[in-house]
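For reference, chains read A, B, C and D in written order, and residue numbers begin at 1 within each chain.
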């Protein structure tokens, strides 16, 4: 089957990686996105606007809007199954945290969210039934979204079950027919809080278990809602996996460090730092590095996309970035310790080792001194007679 | 392990025996002879019972906290080379001062650092061999006057000359000291003078001085304030000195004496690097001073004699003196300050001065000679680098007694010559017989017509002499 | 088995910041204290000679007096003096007055001091890097230095150069991702710490001891060394 | 609770007077885009949502851009407000959703903003519609 949408400029921008299965289109009746919108009375200008917003959503430059429009015109709605495991629902909250319908919602309306046990009305066996139905109806086509980590195959499955099914079993069962897996949130992507030391539930990340399907990590605790929908929009629009970083995160959103896009960066460069949360520097909006900002090592889109419909974001609110989009961020040292500060108490190690070294050195030094003294005691005086024998 | 390492036998691990990596960590004494035969062509013990073993033992004795700190700190920056006349004038990197201590450093690292001991335990790390000590002999003796200039410029603060002095102990004990210095040491112990000079010779000079001055040279005066020592080189080359101090002390009314028992101030033991020989020679001075019950001992115009008696002597005999030691220049300056020296007239030619290393840098006598010059010189100009940073004449530290070093000695002198040329003096003044001899010989060899004079004589030349000197009259009767 | 075996840059950073840093500090403290104790335990013989000046005062003065180079030495080795001083100061300034380092020291030792603005440290770092490169070239070309130099001299050059270089690269975010850059910087600093007690890098600490002894010996004789 | 606005929160401190220095670089980007438009006729869009603006930066930029003669509103899928800046050819395009919340803020450097032009297909549709109207008449 030929590629259903022509090679667009977006195709050049998008990565070579493609879904292993057939593109996210179904051979028959499903109407295309353009048709759906037009049926809903959306004009061409409205569609253009939708595309412009989608470009923003996908962190693509506005010049990509025509390409997006061309792609969306023919795109068809994919089926999405959403599994929630050891999570706090924060990711779902983030996704739905819109005061009123937005373009994100439009995207969500466009996808067919067939199973999301937090959002759906059905419960128990009926819900599971819905999942199985969706799986059967879209074998090899659906996108599996996971939020939350899950107890690994060797861990006690009792830590997290749904309808008596262990998370592990449900994931492995559902992933079989999926076209791709989107791990939403740091828990699903990297294990997150459940996996933090000492990891009582034996939590693992989705990518630790799913090896034969493409996995996209949308990390963050929670991720930006626009990033979640942006990744789905990318699927929807281009039918391709986005280009990923070493943690399988879409580069479009995770390609730059918070530090590199932070509006307070000029203060870092000038060496102007807030040193407490209420000092002069804090009030003047100076850099929060010394208050523990992990911006330099955190890769996320908060600095540009911001939160709460663009109202603000942590650093703008005066809080240092926690680096929540990074693996193991819970164990990466104190949230309010500067990035250069190591976890643990190295000072104690230093003191202990120093004391030990002093003792060892004293012993070694005593040996050396004894050697010198012994040599002194064994001293054979040099005499003129002895010297004369050399002449 | 402690005992094994400390026993003389086990020490052979670090004595140049090549221990094969597979061999047990501690070589048993029984294993040694065979090992030594194969690894060491040099005889285990040479004449006088000197051996590598004994040399290393002597080096071990010399290890102390400063040595360890110095070796720990050297970063091979090579700045000490720029301070050394032997390197500067030859350009040969092997004359870099710190390099002259390599055997000592190897021994220190191997035996007195945990890291070195661990390396030695697994058969790694260098060892000091007899060949090495033989190879280093010229570096430690011929190309070093222990002038201490390197100790002044080392950025990490290494006192290199302090260690050279120590390293020479190992050379002597291993039988790797220069013949000239051995001979001088033997003569000094046997005859009381490194040049084999006897009291007889001095007595002739004393008579000569008395005739020339009409003054008496006091000998063995019990209870005199000052015991005056001389150096053989002065007695032979510069008899003017004795005449000069006889005049000056008479002029200033100083109570002084010579000792027939001990007139020699120099100490070949310090130069060759044997604290035993040094102690023997110092003890003679101390005995003479104590017998005559003097309050002070005056070291003559000789640099090393002063450091030997003033600084090293008490440590060689392991006790403080009941008297104080001064260099003649210190005494003269003291007299000047007290107004006891009256001079008339001034030298009008351009005079410059060579500070002996031992007097200036190594003993802190720097301003005194300049104050004295003010007294008698109109046109005095200092060499550019003088005092604590002066350049050595190239003959000290035993180099002048070491015939083998003659060529190097002259090479090193070129630095001094360049310094002198820069200020173009008519005459040079100094206050050390060795320096003076070197300056005279060097300037003559380089065909520079610049006479060298001793400061004491120069002062004596300008004394306002009362006629007749009452002190001398009394002494004569 | 489940956790991916390949190390991500974040794992690398956490490894270098955590266990490896502890290890490096331990080896450093242990090794350095051994070295210092070995020195001090050897002691000095009692000096019977009547002093002319104060040994203690002389020793203390030499601690700082050796920072000044006499005119003659400067004239014969201007490169050593200028470049050596420059990169030493640069290294120390970057080490002690860069804000992230001050924060690290504060967290480790509980003491802190004012830091320099980042651009200043940045410029100083560039000077330090250039100085170190020049020092290496000089070591390779200068007859005395080349003659004296052992493998160890080149090893400690590299061990000193790398933390400065990786620090510069990390600050300018030239290596990506950042956790890798920072991890590399920390790793090279740890190598520096571990190597320090076993090489002549000990001079960082022992030079003060050496200067004191030198100054004390001369000071006792009334000479300012 | 009826809306967020009912929560009695007051902002203390003149946050908007802060200047984080991000406005001028954008203006210089606009300048380059305008020059390109003149030379090659190539339009440009700048997504201000992708700018790392601090509080006050946007206001500062708007101040710098000023306002021109033209304002327009497009009513499609919520309204879109288009405003000419003091610089001809430089347009501020603010996309709002049905609840008047901003979903995007672009600068367009073009003779006429894209949203104001008839879209591809619109002319054909219009022609057909007029034809139909004529046929009816």
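Note that a residue touches a chain if its C-beta (ideal position, glycine included) is under 8 Å from a C-beta of that chain, and two chains touch if they have at least 3 such contacts.
What you see is a predicted model; the values in this text were computed from it and never measured.
Seen from the C-alpha centroid of chain B, the farthest chain centroid is that of D. A comparison of the A-B and B-C interfaces places the larger number of contacting C-beta pairs at B-C. Centre-to-centre spacing of chain A and chain B amounts to 75 Å, using the average Cα coordinate of each chain. Between chain B and chain C, the centres computed from C-alpha atoms are 37 Å apart. Each chain gets a centre from the mean of its Cα atoms; for chain A and chain C, those two points are 39 Å apart. Between the Cα centres of chain C and chain D there is a gap of 56 Å. Contact with two or more other chains is made by residues 63-64, 112, 114 of chain B. Multi-chain contact residues of chain A (touching two or more other chains) are listed as 360-361, 364, 368, 372.
On the side of chain C, the complex with chain A involves touching residues 1-4, 8-11, 13-14, 17-18, 21-22, 25-43, 99-101, 103-104, 106-110, 115-120, 173, 177-179, 182.
Chain B contributes residues 2, 5-6, 8, 46-50, 54, 57-58, 60-61, 63-64, 111-112, 114, 117, 172-173, 175, 177, 179, 182-183, 185-186, 189-190, 274, 276-277, 280 to its touches with chain A in the complex.
Against chain C, in their complex, chain B makes its touches with residues 63-70, 72-79, 81-83, 87-88, 91, 93-94, 96, 98-99, 112-115, 151-159, 162, 310-315, 318-321, 324-325, 361-364, 366, 384-385, 388-389. Taken together, the chain A residues at the contact with chain C in this complex read 152-154, 204, 207-209, 245-247, 257, 259-260, 268-273, 289-290, 296-297, 299, 326-328, 331-333, 337-344, 346-347, 349-358, 360-362, 364-366, 368-369, 372. Touching chain B in their complex are the following residues of chain A: 360-361, 364, 367-368, 370-372, 374-376, 378-391.
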